[in-house]
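Labels run A, B and C following the written order; every chain starts at residue 1.
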Amino acid sequence: MSQPILTIKNLTKKYGENVVFHDINLSVNEGDTIVIIGPSGTGKSTLLRCINLLTRSDAGEIWLDDKEITCKECDEDKVRQHIGMVFQNFLLFNHLTALENVRLGLTRVKHMNPADAQLKAMQELERVGLQDRAGHYPGQLSGGQQQRVAIARALAMDPRVMLFDEPTSALDPELIGEVLEVMRKLALEGMTMLVVTHEMGFAREVADRIVFLEKGSIVEEGSPNDLFYHPKNERTREFLWKITELYGKKDTEQGNG
Amino acid sequence: MVSWFNIFREYLPSFLQGAAVTLELTAVGLLIGFVLGLGLAVARTYGPKWLRVIAIGYLELFRGTPLLVQLFLIYYGLPSLGLTLSQTLSAYLALGLNSAAYQAEYFRGAIQSIGESQMTAGRAIGLSRWKTIWYVILPQALRLVIPAWSNEPISLLKTTAVVFLIAVQDLMAKAKRAATDTYDPISSYLAVAVVYLVMVFILNEVLKYLERKSRIPGFEMESKKT
Amino acid sequence: MDVASFLKYIASGTAYTIAVTLIALPSGLVIGTLFALANVYGGKVIQRLTALYSTIMRGLPPIVLLFILYFIVSGSINLSPFWAGSISLGIVTSAYQMEIIRGAILSVSGGQMMAARAIGMNKIQAIRYIILPQTVRLAIPPWSNEAAIVIKDSSLVYALGVPEILRRAQLISASTQEPFLAFTAAALIYFILVFVTNRSLDALERRLRIPANP
């Protein structure tokens, strides 16, 4: 067992009376890929946003390496530099080219010199296979390409952890594969990743651990094999059955061996 | 603070007289602008080429020059062409001609959002081109235009405030009078500013009410000008 | 009055009109942009105050405001009618420009701010590098409209005695007994100024346009 890189302790988030999630405990080891699944509206996205401090949690702690990042005096801008985030709807900066999107954080946040930033940004684009689209604006790229640029933009900051918030759910079916391919490669390279997705094929194949979140709390977690084939909880079984119906059977049947 | 309120109290009857003139100017300008603006919008959209050119020229000229210049041209300039108008008539005419250019753009937007298909449908049942415009296009356009058009009365009310420069006795003229009498221009203009604000506020509420009343669910232009 | 001196006279009036516009428009833009940022990103109290500023300023006829501001400005510091009038006009237009910038900021999606914060930018950096560059592009067409309004409203400083186009036209009309020609000439100059301004800003907007932006 390697060292936990990210530890979530008793995390709670409420909007007024409405509890989004409650008393979440989760620890992520270096190099692990954790996939969070669950019905929509159960606080998966909010959880990721809380980890990146884009939303403030109401109680509990989040630790990155040996430091608490949820303390009052924590510098949230500093923290975010170490946590990469990929959004469902890409959110590339519309007025900048692909390369400029990746480079901006390097020059403006990390204060890297322009030549080094240029080089590094280009390398990150290569990493997602888009070096030949460097000069294109977001509007000139397909959804899949935009999402890959967004991944490169997050990677450029050399994050300790990457958070993916349903990275393929805004994509046309034929574009999903290229994004998952990039993520699969990242996982193999040893990037620590926390992924919210409905892509069960990806979850089963890439995840070290799957967390099933429902109604704001963790119902069950375990290896893909445990969760997919020997779920302990009735609700997990139901959810997986429903999602398999929705996304086609062949996903769960393959790999059954 | 006391002084502007004193002026406000002392000159209130005079200000109210002026405010009545201001409202009259707004109403007449709005009416002239409505009729002429509608004509311009139809001419610009459906007219023969020469008429379209004239309409566009009118719109560009009146929206590209200050109202004050238009006002002076009418009041001081027209007499040398043999047409002498009183101060009030000049103000009515300048405000009407000016407002027409702006109202025409609102009407044109509404007419265009109705599109060609209604014209085709009208022609298909045997209506002439002009009859289709009159019976099919305009009734719809006039309803669609309400949200955008409802900016114009307030805009015009504010625009009227320059006509005191040709000595029309509107609210601003009364303010100037109070300023000269009291040697306190700041307080005098502050006092009428309050009157203007009240008028704008009330007019705004009335227009919002009418807009709500006239709304037909599902029948509206894509975007409302704000 | 001969043609040459007539033209010279008109031209110097035009210079005043341009100068008034060039003072009022940018100062209104600076105030308007600051107020718009305060309104969108500020706390509740600041939001209320800036919204109130906008409502009152835009609820008044420009000439009423111009007079109030002019007497306040020229009463507190010793300024010529030209400067006092130009600055006052700048304050008049600031509320309208505030609304233009505010609208443009709000139509840059909220996601852009979130994405900027997610790579570790602070709020100021996000506004500076992500929000404002996109706002500028969106704001140009309505701003072009406001620029035309300020050029036209610069004629209001006529009433303060600034020797701009309209004032010159009036003097010429009195001395030549040709009011129609004098005011037509003035109208033509305003028209050309507005036309050229709008066309230049159109061209600028086309040049800054982001390719294939949704």
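Keep this in mind: a contact is a pair of C-beta atoms (placed from the backbone, for glycine too) under 8 Å apart; a residue touches a chain by one contact, two chains touch by 3 or more.
Note that the structure is a prediction, hence the values are computed from the model and not measured.
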Touching chain A and also chain C, the following chains: none
Of all other chains, the one whose Cα centre sits farthest from chain A: B
Chain whose averaged C-alpha position falls nearest the assembly-wide average: C
Between chain A and chain C, centroid-to-centroid distance (C-alpha), Å: 46
Chain A and chain B, separation of their C-alpha mean positions in angstrom: 56
Centroid spacing, where centroids are CA-atom means, of chain B and chain C in whole angstrom: 22
Chain A residues touching chain C - in the complex, by the definition given at the top: 52, 54, 77-78, 80-81, 84-85, 87, 89, 91-95, 104-105, 108-109, 137-140, 150, 153-154, 157
Residues on chain B engaged by chain C in the complex (per definition of touch): 60-61, 63-70, 72-73, 76-81, 157-162, 165, 172, 175, 185-186, 189-190, 192-193, 196-197, 200-201, 226
Of chain C, residues touching chain A in the complex: 109, 111-112, 114-122, 125, 129-130, 133-134, 137, 210-214
Contact set on chain C toward chain B in their complex: 56, 59-65, 67-68, 71-72, 75, 103, 148, 152-153, 155-156, 158-159, 166, 169-170, 173, 177-180, 182-184, 186-187, 190-191, 194-195
